[in-house]
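Okay, so chain A shows up in both of these, paired with chain B first and chain C after.
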Partner chain A sequence: MTEISIQDEYVTRVEGHGNIVVNVADGTVEDCEWQVVESPRFFESMFVGKDYEAVPHMTSRICGICSASHVNASLKAVEDAIGVSISRQDELLRKLSLNAEIIQSHVLHVGYLALPDLLDSKSVIPLANTHEAEVRTVIRLHRLGNEMLEAVAGRSVHSQRLVPGGFSKIPSEDELRELRESLAGAFEDLEALVDLLAELADRLPAFERETEFISLTHPDEYALYDGTLYSSDVGELSNADYESVVNEYVTEQSTAKFARHERESYFVGALARLNNSYEQLSPKAKAVAETFGLEPVCHNPFMNNVAQVVETAHLFETSIELIDELLEAGLEPQSDYNRPEIDPEDGRGIGLVEAPRGLLIHDYTFEDGTCRAANSVIPTNQNHGNIQADMEAMVPTILDRPEAEIEHTLEMLVRAYDPCISCSTHYLEVEFVDGEA
Partner chain B sequence: MSTETMKPQVAFFDFTGCEGDQLQVINLEEQLLELVEIVDVASFREATSAHSDDYQIAFVEGSATTDHDAERLEAIREHADTVVALGSCATIGGINAVRNAQDFAQVRERVYGEDADLFDAWPEAKPASAVIEVDYEIPGCPIDKEEFLRVVTALVRGREPKLPTHPVCLECKLNENTCAFLRDDVCLGPVTRGGCDAVCVSEGTRCWGCRGLIDNPNEEAAFDVLEEHGLTPEEVIDMYDLYFGWQRANGGAIDAEESPEVQG
Partner chain C sequence: MSAPRATGPDRAVEMAGSRGVIGLGNPLRGDDGVVPALFARLRDGDMPEDADLLEFGDASLRLVHALASFDRVLVVDAMRFGGEPGEYVVCTPDEVVSRSASGVSHDPDLLEVVALARELGDGPDRLRIFGIEPGPMAMGPGLSAALEARLPALESALAEAIEQL
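Now for the complex of A and B:
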């Protein structure tokens, strides 16, 4: 009978530390666990006692890869709490910063972290010799995301310009025109990436498991920067009542919290957004989705990789629109050292955005300009439960395969979620435990 | 083994942190392809499944916060000829050290509630050098890509990488930035180690201190200037503690107990 023992410590090509543990004795699955083992970070405590300028600065440090998403959600929560509004120009620039980061993050995940699985390589580095043109395409797309972030937010990792009340410094109209040109010129590279993935897409496992998809929704646009909580099971939900939606809970297998809503687990991220807001994708994005036969509702978590490419096309097109709106209105000039004047009110504020990996929420209470309480709900936390449920459903269907292949398939499953474990603790290892008691 | 075993083997390891410094290495984009011409990557979990314990240069990112972190650091020290700490968390404790000044029972309770006992961590986040001997440091939150390349190139050529000893102020002057103190803001540039090209001030804000205190900071003068610009001693300490907390608590800077008018 089948005896399998997998102890995959520290799953690679993901952000943070996680283990996969599978233990099969006499053909029976005895253990099947997704363990999150990143050291705890304690951010929600560190915010307490810090002022409204320091909190978004600190929030950025939750995650290097999605720092601008954290800053955007954090600023929305801070501004909501202390009673500050921002201009339409600042909102458009913040949307552009979020778009830039999602492009950077999606290309990093699909091109650097997931693609090697489809080309039987351990990383992108050897691919530079065997598939040089493809690797250079991926690098150019990744660089574009970073250059956008630098132009808008001042830096690609831990941006500086996004501050409470607006921007400390804004790009020039010439820089925006240059960026527009780069975006318009990059569709060729994006098409090359789509063609490459389309050739390899049949290597993505055809696994499906029904689950609940949660994202933001917006009446006028594919919701990323703004919107209302939405569940594929029950429809619109209240942002103010987010705690009853995410229901975070603590489990011994993880230093990250898990989450559940209508079912035992739910899915956030590109696939959840695509399933919930497909009709609002841009024309080129829908064309990419059609190339892969991806349409709602898709229950195959491996298609999250494809959904990220679809979104990248959407982000290119909508970023061009954002720049056009900024240029048509003309940029309102401001000091290069703008520090918006703020007279902070006391209160609680909640900021929700779609980060690259899904729904991100920051919730702060401020008194006299100082943070008194904080709660942060991270996308990967919300996906941990769904990864666990997928593993439990998938392992029995692949027991006839060699152990190394099972391990590799489960690693691909975890990677498909693009987990950001530093954020969620806030990790990945596959650990196959010996089945003999 | 490959025929190119003359290239030094480098490895990257991450501890408690955001992995933004390793992302900066990936963000070298095309230059990363040039970098792998002069070094072999033995381990880089964030980017590759290939792993080998045969490496000469280890880069460690993040703070040490658990016994497991300490055990991994010690094993890395055994394997590597050269250990380089990468980023604020590994060099000076970084943002993680903000919680060092808080009551640890309360810290755990705030994050994990009644399940706080399930999670083990040290009451203090520490830089790598508090656990093992570290040979070189690349500070910054995140690290500067060019500085990283300079250090790697120096190490590959057998030269000593040098840490800048001037404060951020010098780089602000070179960039012709308007001094934060002249625009009613406050700034830690006078006491913070340069090498970042004063990026945060150039982007319209102020120096937050992420590269840590310079070797001989004139702290009393800096403290006075901050007070003259309207900060209370408590606010100065709070500003210092965003990144300097570990250095301050371990003899590297103003001690809260010695500072005038600050109650223990």
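Now for the complex of A and C:
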């Protein structure tokens, strides 16, 4: 007879706060919930009434981890709405900014937040003693992501140089050359991280549950900055009809919205991208994937950690290619205080990018240069339903284990999704049953 | 006294060797924006020549790089410590214990990042926290009236804490 009661408040080493609740009586699972309990944030309401220059700048404050992703998605939506196009140079630089942030975020997640699980440590702090070389490797890689973003966007967080129509300031060719050298020199550190993870990969639970993977795809590249919505179940989808893809809904267990498409839930993030665009990974990235035997379609959510490392290799290689293209063409000079001239049209625009944690969508309507309506769909909200479904499938298979081990395994499951709860931008309007606030 | 040398968040990482003043906070989250508001005032005023202002927003893990780059660091953050809104405290990391999410307002915990830097032997020789008790941290720009009124006094106190760092 199995009796289990797990009330794991505030799963650690995730961004934000979520609870795991599992109750088992007489061997029967009575409760099994992934609860997102952090106060909702409602940035979208703040965008309404702001001008087209202010909105992307404000989105940079939605999240400290995915700041550049929000800015890029926001700029694409703004420019789509008001009828502005950007140069190839600006597009390459924006891609570089997105690459930098994904490197930052993946290294942060794998190195600081997930690795302690595989080394039986409560956090990365004790590892500074027991695995100092490895921790320093992670710190160097993380710093490289910071330096990349600083060079391109002016700051390593809450970037300011990306503006509607281009950049207020661009890096110099010397800065790009320096960045290229740093990237080329960092493969050794990346290989060290791959080797470490490969030694520990057998500690990742061998759990699988078939699900739907949704990401952007692109005919010419591994889609991150640009692409068309794609489902592993039904193929290409319409970007304009994104609302019918994400189908956000509310549940009693969470203050964040959940999402579903063809099935009860779907998966976004590194593993979804890898499953949908594997053939377009760079050679080094494919080699990393082969090291772990990771190939599409992989239905083990714990392999999302590995997919992040695979993508990091891809991002190193493709960032070098982006810099090479910029340097070969030569940078088109511009003022250090550039403010692109824009005559804003009225209209609606939708911007989609792949943020570190998956598909990110911003959708605005502008009139006379002022935002009249805004919507944002963030990756973590799209994954909540899949975390819930994974928990429901996984708990019955591990009931024979000690309670602490069940709790730890479920925490690892949540962390594998790399949830960033603090940037959930949707809010629920409520009223109090007694009529008083 | 002169204008601060750097106003970006990372430039000073390359300018190691003196005083780093690192601010955390989100100007779109009510009183959590008190530090960005204070930093804006400090940038317009006089600062010691060897002091670099770094605004990290809500990305405290980046602190680990900055902590390794300065001899002396002052971290400035909204911090609930049971005071009145606008009250401040200057303390060392050893003088406070984290109460998880209810302590310093940015994940991951500032004290954890400090502990990591110390374990690696990368922490600064001198580290102080300038914590400001916030009022409401509701969504939206603008400080509460209580904190807005305290800004001049907080600016003076912060400037003094930087001098004494």
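Everything below uses one rule, namely that the second predicted complex is superposed on the first by the 424 of 437 C-alpha atoms of A that agree within 3 Å, B and C clash if a C-alpha of one lies under 4 Å from a C-alpha of the other, contacts with A are read in each partner's own complex, and residues count from 1 in each chain.
Basically, contacts are C-beta pairs under 8 Å (C-beta built on N, C-alpha and C of every residue); 3 or more make two chains touch, one makes a residue touch a chain.
These figures come from a predicted structure and were not determined experimentally.
Participant: Would you mind checking whether chain B and chain C clash or fit side by side on chain A after the superposition?
Facilitator: clash
Participant: Once the shared chain is lined up, is A:K169 touching chain B (first), chain C (second), both, or neither of them?
Facilitator: So A:K169 only meets chain B here.
Participant: Considering only touches as defined above, state whether A:S67 meets chain B (first), chain C (second), both or neither.
Facilitator: Once the two structures are laid over each other on A, A:S67 reaches both partners.
Participant: Thinking of the overlay built on chain A, is A:R136 touched by chain B (first), by chain C (second), by both, or by neither?
Facilitator: both
Participant: Should A:A128 be classified as contacting the first partner (chain B), the second (chain C), both, or neither?
Facilitator: both
Participant: For A:S156, using the defined touch cut-off, is the partner it touches chain B, chain C, both, or neither? Pick first, second, both or neither.
Facilitator: both
Participant: Which of the two partners, first being chain B and second being chain C, lies in contact with A:Y112: first, second, both, or neither?
Facilitator: After superposing on A, A:Y112 lies in contact with both chain B and chain C.
Participant: Specify the partner with more touching residues on chain A, choosing between chain B and chain C.
Facilitator: When the residues of chain A touched by each partner are counted, B comes out ahead.
Participant: Could you say whether A:A192 touches chain B, chain C, both of them, or neither, answering first, second, both or neither?
Facilitator: neither
Participant: Identify which of the listed stretches of chain B (114-122, 150-158 or 222-230) has C-alpha atoms clashing with chain C after the superposition.
Facilitator: 150-158
Participant: Would you tell me the residues on chain A in contact with chain B in one complex that are also in contact with chain C in the other?
Facilitator: 10, 13, 15-17, 41-43, 45-46, 58, 61, 63-65, 67, 108, 112, 123-125, 128, 135-136, 139, 142-143, 146, 154-158, 422
Participant: In their shared complex, at which residues does chain C touch chain A?
Facilitator: Against chain A, the touching part of chain C is residues 8-11, 13, 26-29, 55-62, 64-65, 100-101, 106-108, 112, 115-116, 119-120, 139-141.
Participant: Which residues of chain A touch chain C in their complex?
Facilitator: Result: residues 10, 13, 15-17, 41-43, 45-46, 58, 61, 63-65, 67, 108, 112, 123-126, 128-129, 132, 135-136, 139, 142-143, 146-147, 150, 154-158, 422 of chain A touch chain C.
Participant: With touch defined as at the start, can you tell me which chain B residues reach chain A in the complex?
Facilitator: Residues 14-24, 26-27, 29-30, 32-33, 36, 41, 44-51, 65-66, 68-69, 94-96, 98-99, 102, 106-108, 110-113, 115, 118-119, 121, 141-142, 178, 180, 183-185, 199-200, 203-205, 208, 238, 242 of chain B touch chain A in their complex.
Participant: In their shared complex, at which residues does chain A touch chain B?
Facilitator: Residue list for chain A touching chain B: 10, 12-17, 38-46, 48-51, 54, 57-58, 61-65, 67, 108, 112-113, 116, 122-125, 128, 135-136, 139, 142-143, 146, 154-158, 160-161, 163, 167-169, 250, 252, 255, 257, 335-339, 411, 422-423.
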